[in-house]
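Below are two complexes that have chain A in common, paired first with chain B and then with chain C.
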Partner chain A sequence: MIISVASGKGGTGKTTVAVNLALSLENTQFLDCDVEEPNAHIFLKPEIKERIAAFIPVPEADEAKCNACGKCREVCEYHAIAVIPKGDGAIGSVLVFPHLCHGCGACSLLCPQKAIREVNKEIGVVETGMAGDIQFVHGTLNIGEIMSPSLIRQVKKRINPFRTVIIDAPPGTSCPVIAAVKDSDYCILVTEPTPFGLNDLTLAVEVLRKLKIPFGVVINRADIGDDKVDNYCQANKIAVLLRIPFDREIARLYSRGIPLVKDNVEYKEKFRMMFETITKRHHEADRCR
Partner chain B sequence: MKICVTAQGKTLDDQVDPRFGRCQFFIIVDTDTLAFEAFENQSAQFAGGAGIQSGQFMASKGVKAVLTGNVGPNAFQTLRAAGIEIYTGLSGKIRDAIDKYKGGALKPADNPSVGSKFGMPGAGKGS
Partner chain C sequence: MKQIVVVSGKGGTGKSVLAASFAALAKNKVMVDCDVDAADLHLLLHPILKERHEFRSGKTAKLDKKLCNKCGKCIALCRFSAISDDLIVDSISCEGCGLCSLICPVGAITMEENLAGEWLVSDTKYGPFVHAKLGIAEENSGKLVAKIREVAREIAGRENLEYVIIDGPPGIGCPVIAALSGVDCALVVTEPTISGLHDARRVIEVARHFKVPVNLIVNKYDINKEITGEIEKYCGAECISVIGRIGFDKAVVESMVAGKTIVEHCGGAIREEIFKIWEKLSACDAYLV
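Take a look at the complex of A and B:
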């Protein structure tokens, strides 16, 4: 079973929930898909055993074969190619702007002259290891790179179907989030009871409804703010799976990189209960399919 | 000679658009006769690559020089490859910009004048 943890708003406690959930269960695999700023390793302290560079294919044109027909430019969805024909002051060349390229391969596939080949461009690294009994994988995007969905997909290629997989997703509701939560069996949305928390929760809910991924909500810092998140969940029949209080002790542990459930049986039990609720809902949903 | 001025409207009395890649119109004008044609910029709304494709458009129209406010790095590279001269820092009426160019008072730019995404709505200047 694959459970992703997402949020809409940043800083709500995705990593806290994901890490502590993984630590409360048996036989888990943890994927940190927040590749622009992975931080679960700070809490799980994995021993990294394998480091593999991640690449995307970017086009390179063979100017000798190119007849400047412009097909590659036409098909590029991200406007990453310019084709300048030779003559009259122009050197004539195929200009590729690799940082705009998403590595879809359309240009090389559709070039009538077969003048484009794909070369690998390194965008980051995927690291795997063990954090106690937890299998750990995370991706780190190189500074200046923006193609996080591609790196996220490469992290997710390491999914172990024999384990309970916990995915720590990036914040927001755009492409990287979609790439991270896609194909999850369930998604936990972490929010806080503030106007920002509610606004971004609403957006995240719309995304998950579109992706047809079942989900529930964890309210972090549950005793601050207002009751609008509660009202929203009630009105939209969204399960509130867990409430985490605004607690100085939790903040203190967090700032020292210590997971909440370490030496805290009470919280471990709460996370286990949440997992049971999720599996039950998942099986029920399965039966209805 | 055929040159292009980035414009906020479709006539020679409209203002120069300070952005190249995301300008509203390209006015392509014959410097000898002042005969001109205005083209709506199809790349203006692109999320990325607007400068590159605007540069591509200039190359396809065979212009020899571009007069504008600012040019970003990708557009600069594209225009350079097409052998098109780039003049930045222009403002005011299109007609006056053309006169300045014809008077020989302008110096072509050696570098992009702004960073990427300069012309995006809501983007910080020069960010």
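Take a look at the complex of A and C:
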């Protein structure tokens, strides 16, 4: 079973929920898919055993074969290729802007001269290891790179179907979030009871409805703010899976990178109960299908 | 005209509440909300909508089953696994590269432009405000960010405004790069947690990669004074000015619930500190060089 943890708004407690859920269960695999700002390793402190660079394919033109016809520029939807035409003494050449390339392969496939081959461009790194009994995978995007969805997909290639998979997603509602939560069996949306929390929760709910992923809500810092998140969940028949109160001690543990459930049986039990609720709902949904 | 962007790396550190306070303090400015996929600044600025524009960007493949001869070439060549074995295009996976439409032997696939969101120009009691809504599960947030920054610069030029104040998105990827490239100053808001420091460092690296000067604020600095010390030590070593320390105050959430900026809703130390921060940011050109 794959459970992703997402939020819309940043800083609501995605990593807290994902990490503590993983630590409360057995036979889990943890995937940190917030590749722009991965934080789960701070709490899980995995021993990294394998470190593999992540690449995307980008075009490179062979000047000996290229006749600067401009076909590659024409087919590239991302404006990642410029062609300096022949003439006026210029031999003509192809300029590639690798940062804009999505790696679709159109240029190399459609070049009439077969002058374009694809070379690997490093966009980040995927690391795997163990955090106690938890299998751990995370990706880290290189500074200045923008293709986080591609790196997220490469992290997700490591999914182990024999374990309960917990995915820590990035904030927001756009492509990196979609890449992270896609194909999950269930998504936990973490929010806080503030106007910002509610606004971004409603956006995240729309994303999950579009992706047809079942979901429930965890309300973090549940005793601050107002009751509009609760009212919204009730009105839209969204399950509130867990409430975590605001507590300076919880904030202090978080600040030091210490997971909440460490030496806290009560919370461990709460996370385990939440998992049971999720699996029950998942099986029921399966039966209805 | 000076462009100032508020970023953080980690979400939820207080970007929008600070930006909103700057809206109340700065004279002659235009505000921009560049967190286009989870925009919240409007909840504090209460915009009166003046203009609404469609944001068309990117394409999606559309397959005409009547023309299709089921050869399967598109399925095999799509790098994004966006066409299923029974020839249905998954619009969420489709990255709009157009390869399928170019190689289809019977011309059954056309590319349709996406309505990827909208951008808005509003009036607020603080002055003009440019904001946007990215469509649910859409991509190209970076392009939408670039668009609204361009619109804001035009307004600032036309109305002879002194500042463009940008509320940035979390992370370090595509929309963040679009929000901070070419600004005069990036104000990094962080919190004294190991995650906060980790993420601030990464966004600072991005800012430096794009040659943007950086100032830093530690929000909720008293949650963990030891880590606040570490952040300040790091900034000292990196020649980054720490231009403010804001203490934890429950009144911040109360002001958000009231839909007001901190400086208009709260009294005491926090209000004074934000006044000082804005004074430093606006008065001293040295910070912006």
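For the reader, a short list of remarks on this structure follows.
In the analysis below, the second predicted complex is superposed on the first by the 286 of 289 C-alpha atoms of A that agree within 3 Å, B and C clash if a C-alpha of one lies under 4 Å from a C-alpha of the other, contacts with A are read in each partner's own complex, and residues count from 1 in each chain.
Simple rule for what comes next: a residue touches a chain if its C-beta (ideal position, glycine included) is under 8 Å from a C-beta of that chain, and two chains touch if they have at least 3 such contacts.
Small disclaimer: the values here were computed from a predicted structure and weren't measured.
Using the contact criterion defined above for the overlaid structures, shared-chain residue A:G8 touches chain C, although it does not reach chain B.
By the touch criterion defined above, A:R73 reaches chain B but does not reach chain C.
Once the two complexes are overlaid on the shared chain, A:T173 sits against chain C while remaining clear of chain B. Between chain B and chain C, more residues of chain A are touched by C. Of the two partner chains placed by superposition, only chain B is touched by A:A82; chain C is not. Across the two superposed structures, the residue set of chain A contacted by chain B and also by chain C is 78.
Interface residues of chain B facing chain A in the complex, by the touch rule stated above, are 43, 46, 48-50, 52-53, 55-56, 59, 62, 64, 74, 77-78, 81-84.
Against chain C, the residues of chain A that register as touching in their complex are 7-12, 15, 34, 36-37, 39, 42, 75, 77-78, 102-106, 109-110, 141, 143-146, 148, 170-178, 182, 194-196, 199-200, 203, 206-207, 210-211, 224-226, 248, 251-252, 254-257. Those residues of chain C lying in contact with chain A across their complex are 8-13, 16, 35-40, 43, 59, 77, 79-80, 92-93, 95-99, 102-103, 134, 136-139, 141-142, 169-177, 191-196, 198-199, 202, 205-206, 209-210, 223-224, 227, 250, 253, 256-257, 259. By the touch criterion given at the top, residues 73, 76, 78-85, 88-91, 93, 95, 97, 100 of chain A touch chain B in their complex.
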